[in-house]
């Protein structure tokens, strides 16, 4: 994977962003908390699970999981409109410029997962970090075992990346298990919450790792059910988020105990999190 | 009622479940002022201290409680048991401001009025201690109504008379005795409050300077501000859930609402932003500030904030003959008008 | 070489010729570090400053960068300031040790260029304490010393009306090679008796401040009732953090338009209500109790777990300046020694 650098990363000043052009921006989910998908040229190398600080000039910065795979030439982000920076990003058009700096964080330990079955469990916007794994594994299929993707949202309109999901439905490379929370006419897959769907799918714990991202309440029950299915805490991974400003472990704000989510995370095993009472809020 | 009787009464009320908590003063590790006591344990009521070292405006804890309730979106119909609150003269005015603004119903408070002959100025007392004590160990500090003493071999050695350590605000005090109370500690003081027309002599003196001199003075003062917001956070009148002057306090509303919000100033500590912060806060307090002086006491950089707020209090008094917090039933001055209000500042 | 300075004013005048010089001065509001300016210096009765000297390495406000937007994208421009060489004279051993902690945060991994530039250009002349100089000093309880040299380039001890100056770092020694000081009469080599007296002063200070306990050994308990009790009084201001020599939290604020703007950083504190408030409205530390815990855990556990040293340096400023007298020493007294520590 040769990184093609559109703009060289500013190595002498870690706070200084680089300019990057927005290639594409499209709405994935509408409604009061819309989600848009942003695409830019790949400007640095990264690992699945790592993040980047996107900078909206004059407004602010936001740390976002890179949801694309580093095997591709473009970088993608899935952004929910929540505050001024994300609202500003939502208001952009293709061709406009933003700032970017990164990659930040530890990423998923994909090398140690070779030979294992991978179970990805996501809810709503929580698809973004696990999508990076999914795309990466599909591009590098051989080293990995079975790939299961258990993903759900409130309704079919709230499912992110639904075009991609539709394309993957028939694929032999992975098993897709979609769900929506409430009954909907025409919906043929599971109806119910993601943790319940997980029990339905009932993946084998032996020789597997599980990655879960989504609303805190979903993660809580997913982990409970994974344990019930026989997964050890060291086999369970999640990503945490906290408010961030510097992204490099200096401004102090994103800490959980002695760990900085920006630097030592955002990927943490459940085994690690069990040692931190502050973590599972 | 004597202090001991009051403590007994409060402890009994707590035991019987008639009070939610008692808020007063008690000894801490700083010998130059008393720290707060907030307790629902009857045995802790014994620690209450009613000395002139109880400086803090405890009404601030009512403001904090109200903000906490709003944050949690508490049921407005929910009944809370009364909280006992110790208030000195000026603090009872602050309480009236909170009652006027309907922050909390009077029934939720059990007011312990504390007549006041002037409190200790902790900064002055500490400076005198530092310059006059033979052994600066603060465990040897003794302060009472006679003054400042150093404990030397079990003996009290006077370092300063009470007048030297007392807060000068007492000279301008309009309410040595609390304006309303459910019980009073001891007897009312016979000290005469300053006459209304004479209460702003400190501000009048300052106003003799030219506008250029005054701006130069305040620019220099504001340049030392580190924007710690202690002045705002210790003030009971600053009850806003979201302060428009402390940028970055975003309440959970939708993104579009956040985008539309205007921030009046930046967090930079340049003169413009610091001056903006202080001047705007002073304007927000016009007709509401009761000159309790907590802002100035709390300021770690020693900025004379009280002078700024009293300048506006004087303006309100001159224009409307109104003093903040004198009458709990009065409508706050900035929410009403009458036909006689001055109009000379309006241009054709 | 160990030196002796008889005429402090002359020495400082000479330092000021080649460096921006900061000295402690007494104002009506308390002692503060100020530019040397008119040359008045008086150390009689000097305790410690109200605010720490960290502002000269890590200022309250600074511009990080500017940008312009145009057809070809955004152009980001560093705003790393021109830095003149500076000497901070009279910083107490605790404040000098604090610099070592700030170095860990700002210089390791992803070096902070703003801090690094100021740090490279700063010389610390520390002043030994004759004992506890402030009302709430407890440096020895956090493993430091009133005569310690950690973080110093030169160490000054008051002896016989003047100062014994010991070289602690190469940069400190090099100060005396500067053009204004090289052949100056303001200093000379210290006599053996003067050097010995300095050691006696230092040893006495350490004896006088023999610690009652070692706060690095305290076992904090997450659910202890003392947290909620003390948090009840906290008004959530920034005094403790802003005056603290080791608190390093900051926020980055952006302003401008798509065409032109800047990013600045200012001090921030975990004690502010919205410090960790997320855009979704979720706040992992919604109440004062979680924020108080965060502050003390960071000082006495998290930083130690990460960097092998306590973040608190025992200066007592937070205790002296807290308007409601929250005293971290009292809070820590509620906890026991770790059982794992060998007696």
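Letters are used for the chains, namely A, B and C, taken in the order the chains are written, and counting of residues starts over at 1 for each.
Note that a contact is a pair of C-beta atoms (placed from the backbone, for glycine too) under 8 Å apart; a residue touches a chain by one contact, two chains touch by 3 or more.
Just so it is clear, the structure is predicted and the values come from calculations on it, not from any experiment.
Participant: Which one chain sits nearest the middle, judging by mean Cα positions?
Facilitator: C
Participant: Counting C-beta pairs in contact, which comes out ahead: A-C or A-B?
Facilitator: A-C
Participant: Let me have the rounded angstrom distance from the C-alpha centre of subunit B over to the C-alpha centre of subunit C, please.
Facilitator: Measuring from centre to centre gives 31 Å for this pair.
Participant: Can you work out the whole-Å distance between the CA centroids of subunit A and subunit B?
Facilitator: 49
Participant: With chain centres defined as C-alpha means, what is the inter-centre distance between subunit A and subunit C in Å?
Facilitator: For subunit A versus subunit C, the centre distance works out to 39 Å.
Participant: Which residues of subunit A are in contact with two or more other chains?
Facilitator: Within subunit A, the residues that touch at least two other chains are 82-84, 86.
Participant: Which subunit C residues sit where two or more other chains touch them?
Facilitator: In subunit C, residues 251, 255, 277, 279-280 touch at least two other chains, as defined above.
Participant: Could you say which residues in subunit B touch two or more other chains, in rising order?
Facilitator: Only 250, 255, 258 qualify.
Participant: Using the touch rule from the top, collect the residues of subunit C that touch subunit B in their complex.
Facilitator: Listed in rising order, the residues of subunit C that touch subunit B are 27-30, 45, 47, 50-51, 60-61, 132, 135-136, 232-233, 235-239, 242-243, 251, 253, 255, 264, 266-267, 272-274, 277, 279-281, 286-287, 319-321, 323-327, 329-330.
Participant: Can you check the complex and tell me which residues of subunit A touch subunit B?
Facilitator: 32, 81-84, 86-88
Participant: Please name which positions on subunit B make contact with subunit C in the complex.
Facilitator: Those in contact with subunit C are residues 28-30, 33-36, 38, 56, 60, 64, 68, 71, 123, 126, 130-131, 136-138, 226-230, 232-234, 247-252, 255, 258, 266-270, 294, 297-298, 300-302.
Participant: Of all residues in subunit C, which touch subunit A in the complex?
Facilitator: 64-65, 67, 69, 73-76, 78, 80, 105-106, 109-113, 222, 248-252, 254-258, 261, 263, 265, 268, 270, 275-280, 282, 284, 290, 294, 297-298, 301-303, 305-306
Participant: Quick one: in the complex, what on subunit B touches subunit A?
Facilitator: Subunit B residues touching subunit A: 250, 254-256, 258-259.
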